[in-house]
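Dumping the structure here so I can ask a few things about it.
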Amino acid sequence: MTKYALRTAATGVLIIFGAATLVFFIMRLAPGDQAIVLLGPDATAAEVADARARLGLDQPLPVQYWHYLGQLVTLDFGESYRFGQPALDLVLSRLPASVELALAATVVAMLGVVFGALAGAYRGRWIDRGISGLALTLYSMPPFWIGIMLILVMALQLRLLPSAGVGTPAHIVLPALTLAAPFTALLTRITRSSVAETMAEPHVRRAYAKGLSTREVVTGHVVRNAATPVVTVGALHISTLLGGAVIVESVFSWPGLGSLLVTAVSNRDYSIVQAAVLLIAAIVVCCNVAADLIAARLDPRVRLGGAS
Amino acid sequence: MRPIRLRRAVVLATATLSIAGLVGCSTTTGGSTAGGDVPQELVVAAWTPIENLDPHGASAMDNGTQVAAKAIYSALVRTVGKGQFEGVLAESWQPNEDATEWTFRLRGNVTFSDGKPVTSADVVASFNRVLELKGAMASNYAGHEAKESGADTVVITSKDPDPALLGKLSTFYVTPAAQEKWDKPVGSGPFVVERFTPGQSLVLAPNPGYWGGKPALRRLELRSIGETAARMTALKTGEVDLTWAVPDDQLPGLQANSDLVVEKDQGNGVITMWMNSSAKGLGDPAVRRALWQAVDFPTIVTSLFPETGSVADSVVTPNVLGYAPQTPVKYDQAAAKAALDKAGWDYDQTIRFQFSQPQFQQFTDAVASDLAKIGVKVEPIQKESAVFLQDLLALNWELNIQQLGTAGFDAATNLGRLYTCAAKRMGYCNEDLDKLLAEAGSTSDTAKRQELYAQANKIIWDDAVGMYPMYVRTLYVRNKSVQGFTVPQDLTPDFSKVRIGGDG
Amino acid sequence: MSAITVRTRLWPVRLRSTPAVATAAAVVLACYLLVGLVGPLLIPYDPVATSVADRLLPIGAVRQDGTLALLGTDGAGRDMLGQLVHGARTSIVIGVSVVATCLAVGLALGTLAGYLAGWTDVAISRLIDVLMAFPGILLAIVIAGLFDQGMLVVVLALSVAGWVAFARLARGLTLSLRVRPWVDAARLIGVPTPVVIVRHIIPFVIGPVTALATTEFAGAVLSEAGLSFLGLGLPSSTVSWGQVIANGKDYLDTAWWISALPGLALTGLVVSTGLLGDHLTQRLGSSR
């Protein structure tokens, strides 16, 4: 177990370091830098050069990278030049909204597990056909399209729910549904195939042979065994839910990490982009470890510290 | 419109926002009393996010920050019309003969929201802060210096004559010299900050000690809703009461709602399409005129911007000092083609047409379409703001489109700044024009400046330095319960006189 | 014994997917391909030729010059039918290019990692982990936002993270294949590593990977739409469905057809790809 912990920690640090390096170089190699955005169209060449020097952008890339790594170790991401606040504070201040939305979407997506189990248990039946077809259609629609349609119907026509922003619990309903849509479909499909596979295993056949009903078989023998892939895939998609909710955040003006990141990229606000990407990477690493642990509890066949 | 909106959208365009103008074109119907039992709460949807409340730093020229600044702080002066100003913190002002030294006398009775008086030391500290932070606003004041002369007098000097200083100062806000908390700043404006979530929402409460009288609103929320569709929906459902920068195409959907009132400002934005005179083939004014002539701008303008657009007849709008009407460029493809043939235009050459803001998409497509009809190849290229800006300055384009405003309604901030040889903004250099602009920039005689800028206007128009197809106005849509609202001329509304009535 | 026979009926007997559905999906897909290939030749559409006087015409309206706009026009007065047909080509080309790129890169790195093991495996696996820690769409946004618009950038942006899924699958399969007797034998008689991989590993990996490709194709088409929605997609000179949907989103209550039609077309394409993919997964795929 200690070996597993050490190994996991080392891998996690490596992943976060890799993400930090990747984001640093992508941002620096891109055209259009901070100094130009900062000064606007009226600055003279001398002013731009001066600003570049102040921001440290005139130094060679390796020097900048070294400096950046030094800051990383102390978790100092510097100040956002646009917001005038420490980048990490800003990113952390957006995190609750993102987490809230991701959790709400996860709760909705749990429906996928229920439907998927149903479909898997009755594979080939009409209920399976219906659920699978629905899941596939849901998965095939562009998420922003679903969001816009929900606004059109629920907010504009029926006036049941607010269209955008935050505040009351009602505000989270539409963005959560939109974000959950493809995720629900995915969980449905995975649960279905996982359950269907488990249904074909000898111990389930034996359970049937003992005269148990399908419901008893499923709850007693299938769910636990079928859960492993569901948990794994679910954890893998946490990053999508957290940082990748950009489009949903944009449709509903939801003040999460994703929208902060997109504006930061467009403003070349390097410190925010770096802090946000690192935070997301760290969360993903934690989620993956959690998924490993849960999978090991659920299914004794999964051994920790195996092939990564 | 597409959602990634560059908050510099207008700023980049207007370079410096023209300010204030409390003499609006269309004032609202003023009910005499604010309904006593109607909650005095106003929710406004800002179309660019408010990211920062610091009126001196990197975001100082953003529309979001400017709107917030007008509510929280006070400026020295504000524009009330063509070359006319009104004192805010300044009671009176006086330039010297060659406009290199301006003396401002402050009102004596103004205090910050923390009770301390506004002194000349605060003005000087704020001015120095702008210079030190070296943000987008600092380039307005290259070679300027502010000094206090007693507790109520400030002297601003500049190396070169600056007759347009007042226009620039209308976006300069005074904060206490000892300001520390920029997320909950102290100011002397009509409102004080209650809660600020960057990029999301700014909640304001009235400032009881406001020198202009305590505002009627009990609560004012500026909510950032970037996505156009979401902003319109929120307006229709009543979640927000007021917004602006409403696209023409959204109007049919809004007008169906009888609770909404649509107004527009006079506007001083001009769609400006510079042609890069230093690029191959475009150095010849005859070619540039021919290209301009080949596009059916009247049809494009009336089809795409029926509400906000009108065909332009000058490089600056009629409400700007320096405006002079020019001979319209008549749409005539045959003549254009003949002129291009004569000038030896290379029809294999592709004109790179760069733009950044999504609302230009259809416009650029339409221009490209018209030019294609006479065999001129145009490729519209949408660029991300940072890249657009970099390429703009590097003259890495043949045709460029942006919306240019004229800060302070004074051509000095537009013609005088952009069209000199030294500015190198569109590869155009004309010594006669340079002389005119230099002369106009060094006199404080308004009539003479008008005359000189009118001449400059004519040279720029006749030489077709760019195409100047359209004047832009901005649509404001509000719930009819919002009363006392005056449409601003500079995209930064003033909420100090707004109140909520029972109905319109 | 009787219990078992009775229960058999309740049992999920029909484990294989119905060929009928797969056939139908294949036919629909073929239609899309046909439209994408041949349609542009039959229905002319010039993205440059706008006609602002004919903008936002509804389905079946007549233009100023008397021609019929069968499916209406968009905000710049361009024909919707033309956009749908030409957009089919773009979407398919993008989908195929992205999948081809990802498949090539993923297959190569995945089999290499699995076969060579050791440091190669560690390096590639960690690279995969790093990319997995990035939300895919985010990486695409960063890349697409940083460079000039264009087909190549979109393909690149979507491929940078897309190959990971292929690599993981290929690596996993290779790990189990490399200990098989015939691979061992080939190695022992001194067959060079590249030949072993091409001859004895890839043929067994390619099936499941192809099944995955259908899912990834659908994902790529949807992601392109998402990028266009954020204003980071293709320039207006290249029509794609995602772009048309995005262009129409401000006209939903006045000109719904702009977004609705390409949205339906897109959903149809992705659904039929998905159905076919399910079928392929059962025929060729590993369990996962």
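By written order: A, B and C. Residues from 1 in each chain.
Simple rule for what comes next: a contact is a pair of C-beta atoms (placed from the backbone, for glycine too) under 8 Å apart; a residue touches a chain by one contact, two chains touch by 3 or more.
Everything numeric in this text was worked out from a predicted model, so none of it was measured.
Engineer: When I count C-beta pairs in contact, which pair ends up with more: A-C or B-C?
Structural biologist: Taking the two pairs in turn, the one with more contacts turns out to be A-C.
Engineer: Of all the other chains, whose mean CA position lies farthest from subunit B?
Structural biologist: C
Engineer: Any idea which chain sits dead centre by C-alpha averages?
Structural biologist: Looking at where each chain's C-alpha mean falls, the closest to the middle is A.
Engineer: Compute the distance, rounded to whole Å, between the mean C-alpha positions of subunit A and subunit B.
Structural biologist: Result: the chain centres lie 39 Å from each other.
Engineer: Could you grab the centroid distance between subunit A and subunit C? Build each centroid from C-alpha atoms only and quote it in angstrom.
Structural biologist: About 21 Å, centre to centre.
Engineer: Could you please state the distance in Å, as a whole number, between where the Cα atoms of subunit B are centred and where those of subunit C are centred?
Structural biologist: The mean C-alpha positions of subunit B and subunit C differ by 44 Å.
Engineer: Counting only residues that touch at least two other chains, what does the list for subunit A look like?
Structural biologist: Only 31, 148, 156, 250, 262, 266 qualify.
Engineer: Multi-chain contacts only, two chains or more: what residues does subunit C have there?
Structural biologist: 145-146, 229-230, 249, 252-253
Engineer: Send over the residues of subunit B in touch with two or more other chains.
Structural biologist: Residues 3-4, 229, 384, 387 of subunit B each touch two or more of the other chains.
Engineer: Mind pulling up the subunit A residues that touch subunit B in the complex?
Structural biologist: It is residues 31-33, 36-44, 47, 50-51, 54, 81-85, 90, 93, 148, 151, 155-156, 159, 162-166, 250-253, 255, 259-260, 262-263, 266-268 of subunit A that touch subunit B.
Engineer: Any idea which subunit C residues touch subunit A in the complex?
Structural biologist: Listed in rising order, the residues of subunit C that touch subunit A are 3-4, 7, 10-15, 125-127, 129-130, 132-138, 141-143, 145-147, 172, 175, 218, 222, 225-226, 229-230, 242, 245, 249, 252-253, 259, 263, 266-267, 270-271, 274-275, 278, 287-288.
Engineer: Hey, which residues of subunit A end up touching subunit C in the complex?
Structural biologist: Counting only subunit A, the residues touching subunit C are 11, 14-16, 18-19, 22-23, 26-27, 29-31, 120-124, 136-137, 139-145, 148, 152, 156, 193, 196-197, 199-200, 208-211, 214, 229, 236, 239-240, 242-244, 246-247, 250, 258, 261-262, 265-266, 273, 277, 280-281, 284-285, 307-308.
Engineer: Name, in rising order, each residue of subunit B that touches subunit A in their complex.
Structural biologist: Residues 3-4, 6-8, 11-12, 15, 49, 51-52, 54, 57-59, 61, 134-136, 138-140, 142, 182-183, 197-201, 223-227, 229-231, 233-234, 236-237, 239, 384-390, 392-393, 417.
Engineer: Across the complex, what residues on subunit C touch subunit B?
Structural biologist: The touching residues are 47-53, 55-56, 75-77, 145-146, 148-149, 229-232, 235-237, 246-247, 249-254.
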